[in-house]
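Attaching a single structure in structure tokens format; questions to follow.
The first chain written gets the first letter, and so on, giving A, B and C; residue counts start at 1 in each chain.
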């Protein structure tokens, strides 16, 4: 659906978007309430036990590391941490939910009242403040495979297979305020949250494998209107692009509906990335009755300020702070700093390289990484740590250029060789005989020869055609097969031509 | 408060119980008589009383993040009404759709 | 053949140690007794002679090797059929679990067997422990050994009856509102509910998680204390089990009650529906305590009168949630002609649950449903607070409290089965303890027309020791013969 169509709609209507983001705590060893390992996939029902299968008599015992990770995440997005909290049971029947209730949190979540400031660049760059209503901890469900239906969808399936390997995986749910106004803001919010979770090391945040799942609540209203319109909830947005496109589609769909005199119905819709459209998953006309009540198999959580402090001390440097630091410490431009800190591996690579190359060369290191290195990663489709290029190589390469051992033009050639072979730059330079001649004596000899061989040009240069200097440089360089140091050649020529 | 037969049917759906008309009728009577007794609680002024979910004042009961052995799959599926390829098998979905 | 009725748990252990008899012989005696009496009583849903034989062989091997035997070595034990034990079915006396095979062990059962007990069988109960008569069993009622036309109480009626008639020496029951103590009273056994959290609930199919507690049945207070010794203590598999240190509960049993401050809960004795002979017997017991040197005085627990109402909200509410998992997906009864998942849920559950289970699930679901939570569950939780506070006040002045265990002696089978409310009243004295998490023990204090009467002794949180000492003192003073005729002379005894 065309971008300008969305722009046109957003001129007439204001979109009101809130996100619900579920993140599996994949970095934990064991599940939320039992000792089964947290892993992805595997043979069905091979990572289950009486607890996560909901067998009669089994009891849940909360994983303390999951509680700590959730509090850590809450602190990272500026939430208040509740000193008194507890789990509740959220009750509804579903075949992939072993106990037919989900142990979740209700009115006493661990974290609430946070926010994220999200930068949206482009034509008019701006920052928007998006509230985080709450972050609570719960257990993930199992998985179902529907057979006989259309591409694994529930609709029309003859029967389904249920696998509980994922059941009980620690799941953190973040609910945003409806402060988001465009699909782009939503994407930026989700991307920034992902960076933070990765920095905290609590999850691998893979939207493909479903360890990060984003659902959106969307409604539209006329600008200036304060009442909220009827919202629809969109699920199955398995990438940041899908998130953007699905929200954009839904906003336009609602606008068209209203323009045509229709009304938006409250429902859950399914994003079909292939067909690039959303379709009704189920109607939520009759609201659920989850019958929440305090989980009687567990006791409440009483945190002390000191304990929360001790968790806060574990907070690593978050992306925003790191970007700031890169700009001030290394005097990098905002864009460069943002790119370098948008991927933790990239940032670590940069700082390791600078440590080796010396702080004075930070800028040169940044240039190589933002240009040659990034280009190589994209072209070869490899991740930072998969690349044959290592910090020590980039450090050495930058050194060779700064020392004038090779020209920056040659550096590009050396880099691509590095990326292919994984050899150290010095080795490559040596092997290709690329060493640049800066030795005055050697250069003077060539310059003398050129001058002697070109009396007419010398005459006209001395006669005032100083533009000829370029021609002389060219002659000298040709004699030296390009290996003369341009600056030195220039100086010697000017001196001798006087 | 007294329960109507449609209340009984609504609650039966929430609880996933297919009741016969006879059961609905007798449950309406029984639940109303039980609630009739329980309604004495409505008379109490408990406005400033804290509710108790757990009789003992115990807090922060957790376990360390450690892996324990899982059930062998044969045992996980031992009581399964229907299983295939290591998975539990269920029939087609109606509009039961709900999720986490 | 050994006469088990004459032997305490310790007698059995010592007898095996002294090679007077073997654990195998003990098991044989128990099963011979069961063969004779089980048809009349129906205390068991499943007998486990193989498991008992294996356990007996382990004990006899230890004895032969001259090793020190564990505290319950060779002691025949019954296990309520809502507790998991690998090698048995765990049915909860429900059609929906009729063929359910345990794949893991209940912690309390594991501890009992690790202490040397012989697992004789799984005891009948009211379906999912919903009841006070063991009539609500999908496999038929259990009968009271004192009069097989009468109920043994419930829900742990099978666990109570098999001890009362001497088929086993001890048994485990579970108590959510009186399900150990009330059948204890009706069968003349010693029956206790420990402090909430004292014994792990892991592996015991949950009724109401915040009220359930596993406890022992025995012929005497000492055996009950011995069993508590073995099953008590923190379990990492139960977040509500506590780290409180576990004393040797047998150590102070014979210290007497001189100077002990005993409160008789007067307002409970004024409760209508309390049979006069029960009231008289309890007051007589209180006088015995005074005679034994205790300071006996009246105390009131006004909030306890709201116990029944609070319990019939909180219990069913938690039960409705705990029983959701019986959905025919992973285990349990499933209709074979379901057209879709909803149909599978609706009919499998309606077919699999008995009338009382359906009643409680409906009541609890209603009490938690939108719009009613505050009026029912919320209000019940607040009433629960008042009850806790009243007991706390009483325990500032008293070391133990006394009430009847049951308002009346064993009633006739069928007498109350058509009137839920009348049945619920059976637990009016026991329910407040579950709501307050307090320990309570029912100890025989008399007989009325050949039917046992039980006294409930209530202790402070985690002070089971004092409670057991008080119970032991009365037991020693009364020296009642609590062996039903049936156990002595067979059916026409």
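Here is the rule we use: a residue touches a chain if its C-beta (ideal position, glycine included) is under 8 Å from a C-beta of that chain, and two chains touch if they have at least 3 such contacts.
Note that the structure is a prediction, hence the values are computed from the model and not measured.
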Next on the checklist: Based on which chains touch which, is the overall arrangement a line, ring, star, complete graph, or other?
Outcome noted: complete
Checklist entry - Of the chains shown, whose Cα mean is nearest the mean of all protein Cα atoms? => result B
Item to check | Euclidean distance of C-alpha centroids - chain A vs chain B, Å | outcome: 41
Checklist outcome for this item: Chain centres from averaged Cα atoms put chain A and chain C apart, in whole Å, by 58
Checklist entry - For chain B and chain C, what's the span in angstrom between their mean Cα positions? => result 24
Item to check | Multi-partner residues of chain B (each touching 2 or more other chains) | outcome: 14, 16, 53-54, 58, 61-63, 71, 76, 88, 90-93, 95-96
Next on the checklist: Residues touching two or more other chains, restricted to chain A: which are they?
Outcome noted: 50, 53, 61-62, 93, 95, 162, 289, 291, 296, 298-299
Checklist outcome for this item: Shared-interface residues of chain C (touching two or more other chains) are 100, 103-104, 210, 236, 239-240, 324, 327, 329-331, 341, 345, 365, 369
Next on the checklist: Under the stated contact criterion, what part of chain A meets chain C in this complex?
Outcome noted: 50, 53-62, 89, 91, 93, 95, 98-101, 162, 289, 291, 293, 296-299
Item to check | chain B partner contacts - residues on chain A that touch it in the complex | outcome: 22, 28-30, 34-37, 43-50, 53, 61-67, 86, 92-97, 102, 138, 140-141, 144-146, 148, 154-155, 157-164, 171, 281-282, 288-289, 291, 294, 296, 298-302
Item to check | Interfacial residue positions of chain B with respect to chain A in the complex | outcome: 14, 16, 53-54, 58-71, 73, 76-77, 84-93, 95-100
Item to check | Touch list for chain C against partner chain A, complex | outcome: 82-84, 90, 92, 97, 100, 103-104, 106, 201-206, 208-210, 236-240, 317-318, 321, 324-327, 329-331, 341, 345, 365, 368-370, 373, 377
Item to check | chain C-touching residues of chain B, taken from the complex the two chains share | outcome: 1, 3, 7-8, 10-19, 23, 27, 30-31, 33-35, 37-38, 40-42, 44, 46, 49-56, 58, 61-63, 71, 75-76, 78-82, 88, 90-96
